[in-house]
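Shared between the two complexes below is chain A, which pairs with chain B and chain C, respectively.
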Partner chain A sequence: MQRGFFVDLNRCTGCRACVAACRNWKGINLSLRQVYTEADYYLSLACNHCENPECFRVCPQRTYSKRRDGIVLHNSGRCTGCNRCVRSCPFTAPRYNPTTGKIEKCDLCVERIDNGIAPACVEACPVKALQVLELDAEKDFGVKWVPGLAGIQMTRPNIRFNIPGARERHLLL
Partner chain B sequence: MRTRLCRHVCPRNCYNTCGLISMVEGDTIVKLYGDPAHGYSRGHLCRLGYSYLEIFNHPDRVLYPLKQEPRGSGNWRRISWTEALEQIAVYMLDLAAKYGSMLPVCIYNNSGDIGLLHRAWNWLARAMGRVTTATGNICMAAGLDALAYGFGTYTQPDPIDMAKARYLLLWGANPAWTAVHQMEYINRAREKGARLVVIDPVFTATASQADLYIQIRPGSDGALAAGIAWHLWQNGLIDNSYLSRNVVGWEAWQDYLAGLNLEELSAATGVSPELMARLAEEYATNTPAAIWLGLGLQRHVNGGQNVRTISALAAMTGNLGREGGGVYYPSLEYFNIFTTDWPEWMAPEDELRKFPIYDLAGALQRLQDPPVKMALIAGANPVVQNADSEALQRSLAAMELVVVSDLFLTSTARLADIFLPATTFLEHWDVVPSYWHRWIGVNEPAVPPRGECRSDLMTAASLAEMLNQKNPGVCPFPTGRSEEVWLAQLFNQEVYRLLGINHYRELLLGPRKLKLPANPWAGGQFATPSGCYELYSRRAEKDGLPSLPVYQPPAASTGPYPYRLLTTHTRDGLNSQFYNIADVPEPVAYISRDLARQKQLQNGTLVRLYNEWGEIIVPVEIKEMLPPRTVLCHQRPLPGGQSLNSLVPPLATDMGTITCGGPNLAYYDIFVNITPA
Partner chain C sequence: MDRRNWCRFMEIAAEGGGLTSVARFLGEITELPVILCDLTLRVLAYQLPARSKYNFGDYLPLDLPIQAKSQGEFYLGRLKEPDVNYLMLPIGREPRYGYLFLLEPEKEWEVYQEPLKAAALAAMVEMSRTRISQETERRYRNEFVQDILYNNLPNREAMVNRGWLWGWDLTRPHLLVVMELDDRETGEGSKMLWEQWHQLMRFHLGRQVPQAILADRSEQLIILLPVGLDDLGSNKRKLTNLVNYLQKTTAEHLAGITFSAGVGRFYENVAELYRAYQEAKVALEISRLLCRRDALTFFDELGVLRLIFNLGEQELEDYYEPESVIITTG
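This part shows the complex of A and B:
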């Protein structure tokens, strides 16, 4: 079973409560989640807890680990702030914290997950657009890629999307 | 160390009025969450709610009274409260001695904090009687009057009941960005198969989710409604029995509809007659159908008439009183049930000298016998939010004393002589009704005020105390009362009955919902002279307005200023608040690809937006699907001492006097020109 995020593009309003909730929960002055504006939907992205994470591969200090449940964790102890992971992640998940000189990355609120509650962003979302994804071999759902997301072939991110339904739009005559 | 949980209600000028809980260890707020006991916001907040600790702890928060000498120099020094209040009180009393009353004092307060105890500045004005204040409401007055002509007095159905609609017509409303928790109820309806239709000149976040999005020319909403009405009538989609029993003026309005030219309406709106017919068919046949009248469509000189015409559609189809259906617009009824008037110490309302709020700048300059010499501004940032920023700055510069009370040194505060630091909701008591939903919560302080900050109520009381110290009995405003004692005064038997409680402190266990009928119009009883919904309003006629919901066009551009400037609300802040936290985007003017090509502009080019009232310099960004000849700049403060509203003249909407004491600002009926800077 692999954990990641499920983003319902049908519901996301781009309100950025998830971004603010993350900052609020983590108590650091940078958010580990961002919301990107596409043509007619919003992409809320944090860390995709990839199957084959680049951060893990390139870190010279081996600060990254991947739990059995798929969560990719960063241990800041040995982190020197070299930024190799920042430059390698296709999804800009690791972020440099200038105050500590180290990297921060979404950890799927692992201490909340391990206590049976949802990550801060998921709980915050006013429209239930974010869910924790639990993928296993038999159960895959949603789509794996949408325009606006970087290429997924290399790292195989554990993120899935529900794409918006049919919409009818009439612009001015 | 003691850990406590405290209850709060967000007091911003926002539809959602969410509940919050703070976790306090000793005297430190360690966490802030959504209150799960709040039945409307259900434990959720928005981006701004989650940013409150950042605001509370912000390094720019002013914690002590300040004096600026000379005014506008940026040379602020700390003074004591006694010094500050003495200077203000002595000056006020000198003015009274010189001019025979305190009419030269202007007290200006707006929606920076909509909690009831924050009306203290207005109460102070009433205590003194002869002072100068604003009347009206810059935001929602036209729509409210329009609905008052139709309904008598207007209250909206329970917005949670949108979940029961089969058809949701969001007309000029963008809840995805400005009322995000309402999306939950809209989504519940959609999960059951309801259809979401959005009409808006701008392709908003809400529009992107609609099953059907219809773009419309700004301000032409009344024409579209008239077109839909024509189709409802011609295609037999009206509820004749409802019309004959509950509506006055249908025959007269039919004559108007009969004279409509659909091609003209189509040209005015940019919507085809076929689409109008489809909207009529869908609206009439998907029952119950709810219309949400957004605030945007009434920010035009024809705003009230737009609202009357759209609301008429609900009357024609019998949707007014349906559970899950009806007409939604913000109203002030849940504020009005509280006691906020104390004739024992307040002078009658008409003793105040009032000027129309939309012309603050002009009034300060023009009023005579006596002129205005002092401005006291609290819970408001009019240089950013009101009209004609440049004239307002000149008006304030001409004042002999300017006092501003706020959390931060806003653009308005920078023009003051004396700054009085205010508390956030985490530091004071209040009760905050909503202008949208029926949940009432009490807000208790989590911690004592930071520094020497005082709540608006305590500041007003301190000023009253100082005035009385200098001149005993001059100000009957009650002093020596705690915030909680004041809070208790707001509650009355009717409020307790509607909430099902015996004491306001019960609300500390959780907010409660007012026990009111889901749709106030279900019984077909309207508070009009006829007892019916009035399509034909004699009252409107007497007030110099069209008696019927007839289409009147919005303002049009003139030669030198061909582009309409839309300054719609955004998710990034709330009016002028929250722009000093992290993660705020840069200001930008959105233009169409055509306009960019025409003026040879690219993304990031700095441009001058200007008209005869002022100018600003901002970068542009190309945005698809904008209406032609339209520039979109989201409403917000600008850096570098600029103000978006320096482009906004004191242009009033068509109505607003009966419900709000004056019309609101036609913010979306302004025009500019654009050149590379």
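This part shows the complex of A and C:
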């Protein structure tokens, strides 16, 4: 089984409620989720829990692991803050926390997931643009890459998008 | 066909008599040579009449995919060597388990339909039972190997102790190879091809290196090869020979299908295998980017390509454009 985010680019209004919810839940002053403004849509990205995570490969301290449900976890106990993972991740998922001197990364809110609750960002989204799905290689839903996302061939991120169709633009004033 | 014969086939299947009993009973009824094969045409069981002089070896001398004339659910064709006709019925539809062959059928082959159907059903019961236990073992094995390769176990001792339960000696260093078919298609045909390739690799790897560990994930095969510390220098050569042998076997049995492989660096400690796994996948992916087929790529031989693959598209484009202008104007 592989869990991953599904982002509906048709729905996202760029409100950044997901960013704020993540910060609140984690209790840190760092954005583990970012919302990027592209030409026709907003791209909300956190960690993509890749099949071939570069952070995993380059870490000298065996800090990263990947659960059977595909969630890539960071063990801060082993982390020395060397930043190799920060430089290697094409999606800028690991973030250096200057307060602790260690890396922070989206972990799909595992403590919530394990209790059957959606991650904080998913729950906070007012338009239901973010979901966590079980991505099965045999089922094709959404697309794996959209403009604005870094190349996916090497890392094979586990994220899917609903591509934006012809629609009206909604402005948040 | 007599109803009693149908019942007898079902009794053989219910008792767990095995494929050999199914083949034997079908041979008695039809008085013809009977061969049961898996998806790769490896002979699983056969029954030959006393007068018969056939000698097939491990595989039926037939190319995949099978080129035969369809007669409803049956197929009529001809073996290459020996040059005889056959009547074939696939075992199972979805999923398919293998094939059942009758050699030298008479011109009125319809008389063999009922016995073949009954035998195929009994064989399907046997093979599905075996497949269930194989799939269960495969799932648990894959999960344990995944735990090792994705750093899910707390320490080396935990890996070694759990490895002993599988009969694996994880105190020895292991080399890691990741293999993937070159033509990645989708659909039912590709699932069958992948299953055929998996069965082929499992059989031949088990023959060549019985202590090797084979797992699969995301349509890639992962091989962990135990090596000795005293012959480190020859590891690459042995590995190259093994992969070349497997590539040759794949092309022979699967009508020219090829696969490529990536190999991670050597680590003495099994707790570092997670690095070797990612490196092997990177090596494989870079060989794909270079449009190589039937290739074996070592991570530690990639050289500057390892640096380039990490660069972003914009940087690569910025580098490429001025250089291409120099080439065209130079």
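Note that in this section the second predicted complex is superposed on the first by the 166 of 173 C-alpha atoms of A that agree within 3 Å, B and C clash if a C-alpha of one lies under 4 Å from a C-alpha of the other, contacts with A are read in each partner's own complex, and residues count from 1 in each chain.
Please note the rule applied: contacts are C-beta pairs under 8 Å (C-beta built on N, C-alpha and C of every residue); 3 or more make two chains touch, one makes a residue touch a chain.
Remember, predicted model here, so these are calculated numbers, not experimental data.
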Partner chain(s) touched by A:21 [first = chain B, second = chain C, both, neither]: first
Please indicate which partner A:90 is in contact with in the superposed arrangement: first for chain B, second for chain C, both, or neither. second
Would you check which partner chain A:66 touches, where first means chain B only, second means chain C only, and both and neither mean what they say? second
Count the residues of chain A touched by chain B and by chain C, then name the partner with the higher count. B
With both complexes overlaid on chain A, does A:80 touch chain B (first), chain C (second), both or neither? neither
Touch test for A:40: chain B only (first), chain C only (second), both, or neither? first
Can A:164 be said to touch chain B (first), chain C (second), both, or neither? first
Go through chain A and flag every residue that touches chain B in one model and chain C in the other. none
Which of the residues in chain A come into contact with chain C in the complex? 51-54, 56-57, 62, 64-68, 88, 90, 137, 150-151, 153-154
Per the touch rule above, chain B residues touching chain A in the complex are 31-32, 34, 43-51, 53, 176-177, 180-181, 183-184, 187, 203, 205-217, 266, 270-272, 275, 571, 582-583, 624-625, 627-628
Quick check: in the complex, which residue numbers of chain C touch chain A? 143, 146-147, 150-152, 218-219, 271, 274-275, 278-279, 281-282, 285, 288-289, 309-310, 312-313
Which residues of chain A touch chain B once you look at their complex with the stated criterion? 10-11, 13-17, 19-21, 23-24, 29-31, 39-42, 123-128, 164-173
